[in-house]
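Heads up, there are several structures right after this.
Here chain A shows up in two complexes: once beside chain B, once beside chain C.
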Partner chain A sequence: MADRLAMSPTATLAVGVRAPTADIYAPQWRNVIFVAPFLFFFTTLLLFPLLWGMWLSFHKADTFSSGNFVGLGNYARLYHDKVFLQSIWNTFYFVLLTVPTLALIGLFLALCLNRRTRTAAVLRTLFFSSSVLSVTIVTLIWRIVFIPNVGLLSTIYGWFGATAPAFISDPSLAMVGIAIATIWWCIGLPMMLFLSALQQIPQDIYEAAALDNANRWQTLRSITLPSIKRTFILVIIIQIVLQFQLFGQAWLMTRGGPNNLTKPIVLYIYDTAFRRWDLGLGAAASEILFILILVAAMAQYLVTRSRGDQA
Partner chain B sequence: MKLKKILFAAVSAGAMMLAAPSFAATELSVQRFFGACDADFGTNTDATKAVGECGIITSLINKFNADNPDVHVNVTTVEWPGYDQLTAQFASGDAPDIVTIHESVLSDYQSKGLLMPLDDLLKSVGVTPDAFTDAARNGATKDGKIYGLPIDSWTMLYHVNMDLFKQAGLVNADGTPIFPKSPEELLAQAEQFKQKTGKPYFVQNLTNETALYTRNLYTYLFQQDSDFFADPKHVKLNTPEAKKVVEMYKAIFEKGYTTKDLDYGGSINAFLAGEGGVHLNGTWVVGDYNAQSETKGTALNKGGYAVYPYPQLFGGAHAQYADGHTWAVSQKDRTPEQIAAIGKFLKFFADNDFEWSRTGHLPAYKAVITSDAFKALPHRNTISAVADLGRPLPSAVQRQFAIQDIIGEEMSAAISGQKDVDTALADMESRVNELLANI
Partner chain C sequence: MTADIEIRNVSKQFGAMTVLDHLSLSIRAREFIVFLGPSGCGKSTLLRMIAGLEAVDSGEIAINNERIDHLPPGKRGIAMVFQSYALYPHMTVRDNMAFGLANIGVPGKVIEARINEAARMLEMPHLLDRKPGQLSGGQRQRVAIGRAIVKEPKAFLFDEPLSNLDAALRTRTRIELAQLHQRLQSTMIFVTHDQVEAMTLADRIVVMNNRKIDQIGTPMEIYERPATKFVAGFVGAPAMNFVDATLDRYGKNATARFADGVSVQTEIASSQLTDGKYTFGIRSEDVRIVAAGQGNAGGVVDVLERLGERTLIYARLGDGQQIVGSDAGNSRVAVGDRIGLAFDGQKSHLFNETGRAWHAREA
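This part shows the complex of A and B:
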């Protein structure tokens, strides 16, 4: 030991003499230290849970014990579970209801409020203000609107002697009710994204169009819309990823009912894993959701990339 | 120098004395449902002045804290029933010391070794299981040991608006309400009620709800002697008996004999506003409704409020679904002081069960249920029968709240016409059995 310690300074010196210019870009193990903090959190908070979730999905496990290996048993159970299949459809239906509406209303609001007047500034703030609320407050507000007999909607319908539609309990309206609350809540972000895109369109193009006697519709179709195409796609991607994860609104407004018609996949996972303690089945359902979001995100990515290339 | 030392010693002693009580107090974490009402009862220590579940339990815990300076109880209030949080807390090793658990749910946690058997602790503070009512003792006993201090037995009841019953001509000569004796009679009386008053017979919370449907089904299955949980691991619900019950409630819904689209809060408001004859709700609102009926100008004050067990509609056993609330203690390493503090808390609730029974729940102690003070409480002469009628599911049935959700979902779909009755019953049975097979 003592010999080795005595030897080492000489060895270093010898190396230093032979290679005076060390390649500072050469891979060195000690560089791992620089990425270690990131790797630590990435592994413990993302990679490990991801792999553990996969492992769990092949086991019959409950909240307090991990049981036997069941292979694809949990996935087979999901395949035969009508409620799970219903929840997948519900999630897609919800995305279909909210994403196009959010994009179109967001665009419409941005077009209307893209002015330098004080009213426009106030209205922009107002429309964005709902986004800062938590999901609990949002659902509370909309429950007060939708609640039968004493709700805002019932009161307004009552003035005309009509009965308000039952947005929380009617099977065909419950998801629409949740979508309305969600659109009201989420409209701020698409509007802001569109506004910023609109403000980046060079004014001289509009001046040229005005000189060419183009009317408003022509200007919108030929100048504004093509100029914000990329933002439009961005809004769609962001909203698809966001709305796929529907949970709070459905849980707080309808508890997934009536007859599981508003139960999204995340709520199904919560129900199975945490309320029925069937952790293996919940983990399997999470893997399916993971794949669905992955496919949706990849599809969007491919579409954007090819369109980007063409442009 | 000497003076300085004396002064220093005096100040130190003073500081020690001031700080001593807060250091000595043993902290207990208590988690409960029953709602939050700190605005009304946050500082009240006189339980006799409190009304309703929330008011009484808040005041009782305040009183316990005031009476026991050596123990400090920190209360966390969770939304009913709070089992999602509790499960997560157990899983992360951060469970509260004492927690409200339904008797029907005790076995879920007990079977995983998460709860502390209380026999010895209760004995050490002088509470013995023979003091409990039979229903309470059976509900709190799992594998021969007590796993929760029972505080009540509860069930669903017919809460009656007597003014509307009088208008409908459904009152006997002695002033008591006339109740049906068969499903056919129920539909006929509901029709008569609707004709005479223009209002639905039932006020029910059918939206965002599963428990009400399930409890109704259990009650009328018991009354038909249907042994649907003969095997605690396998339910039989696709039966003619279950079909009769679901079809009865479906007819009530279709013919407009019930309020629709109301959630729990909405149904209470509707009943208090006099929008229907019978509110199907639990023992826990008896105290509140009685207080309403004594307030001038309310719908219940107009013609009076009465409350009864569910009527016997079928020829089988005289029974209805019942459950109970308990204080359970989580399994943890504790100091003797902490265990003694828990014992004090449980003893306090055993001693004050009469105050809790003013909510409308039936007492869990023989001495209270037979006491004159309890019998003198309003409406207890009509609802005490539940002590004999009440019947829980077999205690070996696990995941009873999850089962309740499945049955409720399917019943709701059948009653509102989203599914036909046979499909709903078949789905209900297969979903519950799938759940039980995978525990």
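This part shows the complex of A and C:
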């Protein structure tokens, strides 16, 4: 455009006339006023705590004193702490149990409920409604479901003369129990994200596919799924970030037991920093969690992006 | 491969609203048919019913004497080009074109050959490995047409395919479509609200209005002998002049009299006409500009539109009605001038209150 303008004599004239006009996109300092409120809260509530946490992680600190610089001492202690290593493994295991399941069930529900019927609208509300509950209510509900002998699960198994699996006390099942409660609690958001993505797909692409003889499976595989790929990545990243921060469910359902098998990193941080008041160690564990989330989310993003998506 | 298409007594309702009302139409093999009409006249719905994207509420649609209205879209042997092109955004051009063929199990080599042939025909071999997002509007249009061609359908359906293109590209693509039709010798149905597209492309135009077909005819039939006042007003730019008139039916041919006393001797046989209110119609090119005091009527020039090869002159008659006349490109007439208007009786039309038209006897 600029080249072409420069070529023609009349255009040069036009540029000459326009020159005195101020460039409305030029930076102006008073524009800072508009971002100042955000910057204030961003700095005080996010940036400052983040940097302070990093600073703390290199110090031996408790509630009464903070100051002794210990370098990577806190990180070294974590490296040798079996409970911490166990909590990392627990967290990964939990993320592995929940994130793919949430994405797949969310997608499945969205595909089923993406229609304009009344039933679909009611079911959408129903599936989303669990998301508005607090973690206390959610865990209470699932504790009642899982209670041995009198719980809902035991009752149902009882009808068939079977014994229900002990989701809270069995070491190999406790994390699965927490995962089930979490999936039930969190399924609303992925479903809604997928629904909105599905509704963005232009209808005429489906009409073209119908004229192209695509059956339901071909349409799903070749039209629908590629069209919502970005949302799929978004859901995975959001859920990774959320589920890495597991705390409430584990704390309220199992207290991290049996034998620390359901103790996630955040619970370890809570124990260390606010029950044993070893703030430096807690801060160091927080930094590791921060890096883990960052790496997991970035890896997901980079892997999917490098496959080339120029839709 | 080509096909004749028979539409018999087809109706369509959306809820309580009737969109198409008992409509029948025969389309001959290899014919280029254009459905022309204003927005909401049902032309796109009719096309989508032929494609199978809308159900037929009553009536039948047959291709080569086989009923197809109960078949799914893919089994009707037709291809469609959408207004928005409807390309699959995540597939390359090649995959877009191959998708429909692969779905019905056409061997890979045949698919490849057909794609290359279509790409050569549409001059787009260099685009095959790009994705729709990397193409311009005109290129996407080509891909959409290419995707239809490779299917070797019995009939092509076009749903306002040129309306998203800029003016220059629209003209070029229009010519290319005409050439494509000559080369493929396929039945083509083209929906548009643009009368220039209809006039230039069609073998026959189907003018639709208000749930019904107003007229079916060749472009020149539609232009010169419109069946209704709607067709007369809709086809042609500027729109035909309409003036309320009373008729003098004493002679062999009727004479139209305007409110201000102007009279025009038409060549429309008096014997066909009955009593009642009439509207006199004449196209701008059949109204010559003459010196004031001459011709059928006199007026004052309101507006001039210089189109280059001719000048359109909007003149106000004594009774306030506006008439558009046509003069040479270098016309000396200026706004405010008093001029005379000469109406060509041979090219005059009369419309009764229901909109039915009468024309001069055919020469």
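Note that in this section the second predicted complex is superposed on the first by the 259 of 311 C-alpha atoms of A that agree within 3 Å, B and C clash if a C-alpha of one lies under 4 Å from a C-alpha of the other, contacts with A are read in each partner's own complex, and residues count from 1 in each chain.
Simple rule for what comes next: a residue touches a chain if its C-beta (ideal position, glycine included) is under 8 Å from a C-beta of that chain, and two chains touch if they have at least 3 such contacts.
Quantities reported herein were computed from a predicted structural model and do not represent experimental measurements.
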{"item": "Which of chain B and chain C A:P226 touches, first, second, both or neither", "value": "second"}
{"item": "Chain B versus chain C as contact partner of A:P171, first or second or both or neither", "value": "first"}
{"item": "Partner chain(s) touched by A:P100 [first = chain B, second = chain C, both, neither]", "value": "neither"}
{"item": "First, second, both or neither for A:A208, with chain B first and chain C second", "value": "second"}
{"item": "Chain B versus chain C as contact partner of A:G71, first or second or both or neither", "value": "neither"}
{"item": "Touching partner for A:Q218 - first (chain B), second (chain C), both, neither", "value": "second"}
{"item": "Chain A residues touched - chain C or chain B, whichever exceeds", "value": "B"}
{"item": "Sites on chain A touched by chain B in the complex", "value": "60, 62-65, 77, 81-83, 147-150, 166, 168-171, 254-255, 257-260, 271, 274-278, 281"}
{"item": "Of chain B, residues touching chain A in the complex", "value": "83-84, 87-88, 90-91, 108, 112, 114, 206-208, 260-263, 266, 269-270, 275, 399, 401-402, 405, 409, 412-413, 416, 418-419, 427, 431, 434-435, 438-439"}
{"item": "Residues on chain A engaged by chain C in the complex (per definition of touch)", "value": "202, 204-205, 207-215, 218, 222-223, 226-227, 229, 309-311"}
{"item": "Chain C residues within the chain A interface of the complex", "value": "51-53, 72-75, 78-80, 82, 84, 86-91, 99-100, 103-104, 131, 133-134, 147"}
